[in-house]
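Paired with chain B in one complex and with chain C in the other, chain A is shared by the two complexes that follow.
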Partner chain A sequence: MALIPTFPSFGWTISLLQMLFVIFLAPLLYGWIGVVRAILQNRRPAGLLQPWRNILRLLRKETILPEGHSYLFLFVPPLFFFIMAGASLLIPFLMVSPPLAPVADAVTLVGLFSLARFAMAAAAMDLGTPFGDMGGRREMMVAFLTEPATLMILFTVSLWSGSTAIPSILHSFSLGHSPFHPSLLIAAMAFILVFLGENARLPIDNPSTHLELTMIHEAMLLEYSGPLLALMEWGSMQKLLLYLLLGIDFFAPLGISRGLSPLSLLVGLVALLGKLFVLGAGIALIESIFAKLRIFRIPEFTALAYLLSTLGFLLHFVLEV
Partner chain B sequence: MTPSLLHPPTSPLVGFLGSALLLSSFAMLAMRRMGSLVRIFALQGILLTLSTLSVALAAKEPHLFFSALFTLAFKVLLLPFLLFRLLERLHIRGEVEVLLNVPTTMVAGLFVVVFSFALSAPISEMANTVSRGLIGVGLAALLLSFLMMITRRKAVTQVLGFLGMENALFFSAINATYGMPMVVELGVAFDVLVGTFVFGIFFFQIRETFESFDLKHMDNTPTE
Partner chain C sequence: MEGNNFSPETGFDSFHGAIPHATLSFDSPERYRGEAHFLAHSGARLLALWADSPSSIRASLILREGVVLLSLSLPKDSLSFPSLSSIFPTAGRFERTIADLFGLLPEGLTDLRPWSDHGLWLVPPLAEGRPSLHQPFAPEDYPFVRVRGEGVHEIPVGPVHAGIIEPGHFRFSVVGEKVLRLETRMGYVHKGIDSLFRGRTLFEGARLASRISGDSAVATSLAFSKAVEEALNIEVSEGIRFVRALLLERERIANHIGDLGALGNDAGLGVALSLFGPLRERMHRHNLTHFGHRLLFDTIVPGGVSTFLSPQMVDALLQETDDLLSEVSLLERIYSDHGGLQDRFQNTGILSPEIAIRLGIGGVAGRASGQGWDLRIDHREDPVHRFSPALALDHVGDVAARVRIRFFEIFESLHLVHALLTNFPGPDICSTLPDIPLSREGLGIVEGFRGEVLGWVRIRPGKTIESAHIAEGSPLLWHALEASVPGNLVADFPLINKSFNPSYSGSDL
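The block that comes next holds the complex of A and B.
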């Protein structure tokens, strides 16, 4: 690997910066999506900092523990939060190959996300309340339906590099392929669908309500309060950002820093912020256009994602070998 | 992968339009409303026109420009117009009735795509057009339209499947041999047009006889 920096400690600094970047920027991105949504719906936006204000307020509140909880209920929120923070070390976005690059396999990442999801669903079922149960089951249903599509997207992307390690995928993209690939475009469409499903966004789940019987994500968090709820929400915001970063790595890696010079890092950072700005607005647009799907239509939605990803995979062999 | 060294890969734009056409075939399979089905058919016509144009530009074959023009006139403007008028006159609105539910049809469609890509791989290696990678895509779109005709219950959707099949045939011809001779193309275009008229009249007859477009009524018609 020629990309390993001469100063390993500097690489680690960048990695830590990446983690802090994800932890502190995720609520801002959430706020940005909320602002655009509010503007599109003719409401007055609550401001970019609203998710931060929510988190800080929740952290100050006391924790009310429901009757009959076990240790699982207490351990899952910090676990969820730190899995997401740890995952940010594996996704290269400020530079191509972070020191944890040998571990940074996309399949590992999918596994980490699955672990976090399993923990969350288990904690939701811990109390045995009907809402938690229902939310947990639905979350697992959506997850098992989107997972094949996620893996097919990974395989489509990794056909270029012959490896599912994210740094080598990024490296193969820099080797002078044209930026316009039918198979990648179709895989990107599938990725958008998977993204919406995995992060409980609108066509699958409505992130801004507690009132519907159809809720998924909120139903799992219903019994949490105070700092524990803050950790769960914060973790979910990080997950959203991480998925976007993964998508940027796969489908729009233009501008990412290849070396460790301050200038290229700065250019990479600006490009990244610009992409997140656009993508956040895009998510808000999608959420304003589409109505929530009935829960029994979700298999159709995910079948579409799987179909698109597999088509992308197949078209690679016909059109681009 | 030696063939790729002998022939340059399909140009990205041609490839992209071809894959968009394949996606539109899948969209026709997935649509639930009649109106949007006709709209997707018109969209497929537009994609076919653009794809013909892109092949014409990439291969520098001037006669394909005329083909593109015919496609635009017939499949984007005239046929959708006729179909919309037909739907309005027959008061057809609402949902498409399917024999197989949509996700299952989609998965079946995927198998069809794998099958036709595998089948057309040797043909693609023999062909020497700029867009030979798309022969498999054309075959897949053809079989998907077949699938649509098989899995639909109503006569109108079956006719749309038939028209989609004609689109796919045209697409395959362009990518395999830069199109059929102009006389044949014109002939086919007029055949399809006349066919649509005949189908239109036929629909009225079906409705008068059975008071429904469900083709299962035609199974036990007395032969006398």
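The block that comes next holds the complex of A and C.
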């Protein structure tokens, strides 16, 4: 489904640029969220580059392997990292139709994220430590609770295009519909909830806590150290950015380049950075005003996400067809 | 035995420091147990139980009317002492500590696992060469109580924790996320405080007393100083009493503010820490400029205080009090209006009034569970009683109740500080400490920020300490924590723990 004639080699260049963009910008976005959060909480920010400093510091350190680990424990961090890097090829954000468009299906993407999460939980349980087990099973609980909502959001968004392929979704938005549809607005709200759950942010999980008993995502990483930990954390940063990019594609695609002219690519890039800038600040705001939910309140939270996404889905037929 | 029992109406013989107390000495284990039993039925709570030598067991009980110290003398060759654990459930760990230190067997105690001994002591360190029933064991072999059943597993936490806090081990038995049982294991910061006191001068003793648990420096050193003053039979002047009351309230306010910020942070509201933290830090800095130490170490000495309160300082502290009053009021509104925070606090970690009574919990935790004990209110101690602070009392016993109690006490203490400062009679000189011809004992008790802090001392001629003990109240709070966690989610434990905030150092001694 070639919507726009592409020059294959140039398209691949853009795709590689996308990957580099995700790999190298993800820590900066993390840093930006940290900066805004620190400012909102009357603290002195550690700076945009702090996540980068952390990654470089961890990469220089030695790896200490816990007793009783298997190969799973060693393989998962690079796997996780490369799944995330690979996923960046599937989400069009610099241009509408990357060369991997035929497989750039949102359901594939959800599947990839699930695979990454499963691998992480399995590695956490590999050692049989109580915290790894606890983190693994909590993560899987959150995952299976958010997944229905994720798919519902996807279906709502694809109602316009009749396809879950991201390029065609993007294309359908450019066909003259008004940018604000009630169904998409509601689906966007659901997406925010899913985003917070999937990326272990407040109010589902507290990424900055030291209390091992309360952790979800971090509990899975407790036994990792050095470069392996760096890969895991770097991968999580990429995942956060990828989710934001997906959300931008679905709900705020304005400005994305439809051709390959340098000017439109540049405009698209600037628009994208602006959106990430705003969204990062929004995440920091949410994280500053909400307390963490009690763990057994998470089903209520994800049920709300599912309810909203279903509502969006139905609204499409009531108001928009 | 009937008729000889202690009577709260007539039995108190010492009124030093305005809180009545009495020491009852026993030679017979039966009389000792009988008296404890009788007092328990009169509503007494156990504060602490310790041995000041292999032949002398002490149990301090608190009644509404005052403090009773039961003192049991054992025969020289005795290898055991009677246990009070069937009367006071919290006595067990105190008695296990005695067993570890002195090699004495607590008779009637079913739980004879070691407590302070982590398998590193070849002989009981204070047994003084007598034969003992001590059995060496490997440190990793501590037999936690097992919960059996389908799907039950254990989560060991500590003694090294992820945050920078004190060491202690928690063993959770859980099904899924639900805690069935929590057992604590302490003793990692056993310092041998009682032995460190021996042979020291009174001022060295006061220095040590203020370092037992850093957050309660004023309370512990004040309890010690009051005990010394009773033993030496001296009264301190009005100005000194004012400064002491002021320092005690400042310590309470700073700790409550710190705890409230940490509670919000543990519930995931990071901004709470950066709102409460600076208030506490500002108090610490003022403590440093005005009183010479951020945590008020060594400000209280036997016979007086080591600081001075000038009119300029009074003005500065009044200003600070006014600022804190408005700032904490604002923060209280934020906390009570924050739905997410209240959802985490409410119905979490409930310590029911019945269990609070059974365990004899006082202080903040007790007052949040319907136990209206507060030495500042129950007794006519000058100068605090002149300004009649109100009792903070709640009946729910959950984390939210303990948060409310802390806020209430901050406001009461701020009003009290304000009253103390405006009525300050002017600085007074410290009393000189006279020597005594014979060894004498003294007892002091103070309402610290967690609860009652008890100091006991025996001084010998030459003004050196023959024996001393400080009980800070935290051992009881660990029991309260263990009682309130089962039924909650594992992930809520840090919040419940913080709402009690027991001291590790203060309970290990």
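Here is the rule we use: the second predicted complex is superposed on the first by the 314 of 321 C-alpha atoms of A that agree within 3 Å, B and C clash if a C-alpha of one lies under 4 Å from a C-alpha of the other, contacts with A are read in each partner's own complex, and residues count from 1 in each chain.
Heads up, the rule we're going with is that contacts are C-beta pairs under 8 Å (C-beta built on N, C-alpha and C of every residue); 3 or more make two chains touch, one makes a residue touch a chain.
Values in this document were obtained by computation on a predicted structure and should not be read as measured data.
*Asks:* Of chain B and chain C, which one contacts the greater number of residues in chain A?
*Replies:* C
*Asks:* After superposition on the shared chain, which partner residues are touched by A:L265: those of chain B (first), chain C (second), both, or neither?
*Replies:* In the superposed model, A:L265 contacts neither chain B nor chain C.
*Asks:* Once the structures are superposed on A, label A:L74 by its partner contacts, choosing first (chain B), second (chain C), both or neither.
*Replies:* neither
*Asks:* Determine, under the contact definition given at the top, whether A:P182 touches first (chain B), second (chain C), both, or neither.
*Replies:* A:P182 sits against chain B, while chain C stays out of touch.
*Asks:* Is A:I39 contacted by the first partner chain B, the second partner chain C, both or neither?
*Replies:* Neither partner.
*Asks:* Kindly classify A:L115 by the partners it touches after superposition: chain B alone (first), chain C alone (second), both, or neither?
*Replies:* In the superposition, A:L115 contacts neither chain B nor chain C.
*Asks:* Regarding the shared-chain residue A:I286, is it in contact with chain B (first), chain C (second), both, or neither?
*Replies:* A:I286 contacts neither chain B nor chain C.
*Asks:* Give me the intersection of chain A's contacts with chain B and its contacts with chain C, in residue numbers.
*Replies:* No residue of chain A touches both chain B and chain C.
*Asks:* Chain A touches which residues of chain B in the complex?
*Replies:* Residues 1, 3-4, 9-10, 12-13, 15-16, 18-19, 22-23, 26, 30, 102-103, 106-107, 109-110, 113-114, 117, 121, 124, 133-134, 136-137.
*Asks:* Could you pull out which chain C residues touch chain A in their complex?
*Replies:* My answer: residues 153-157, 161-163, 177, 264, 266-271, 273-275, 278, 338, 340-341, 343-344, 348, 489-494.
*Asks:* Which residues of chain A touch chain B once you look at their complex with the stated criterion?
*Replies:* Where chain A meets chain B, its residues are 178, 180-183, 185-186, 299-300, 303-304, 307-308, 310-311, 314-315, 317-321.
*Asks:* Which part of chain A faces chain C closely enough to touch in the complex?
*Replies:* Within the complex, chain A contacts chain C at residues 37, 40-43, 130-131, 134, 202-203, 206, 208-214, 287-297.
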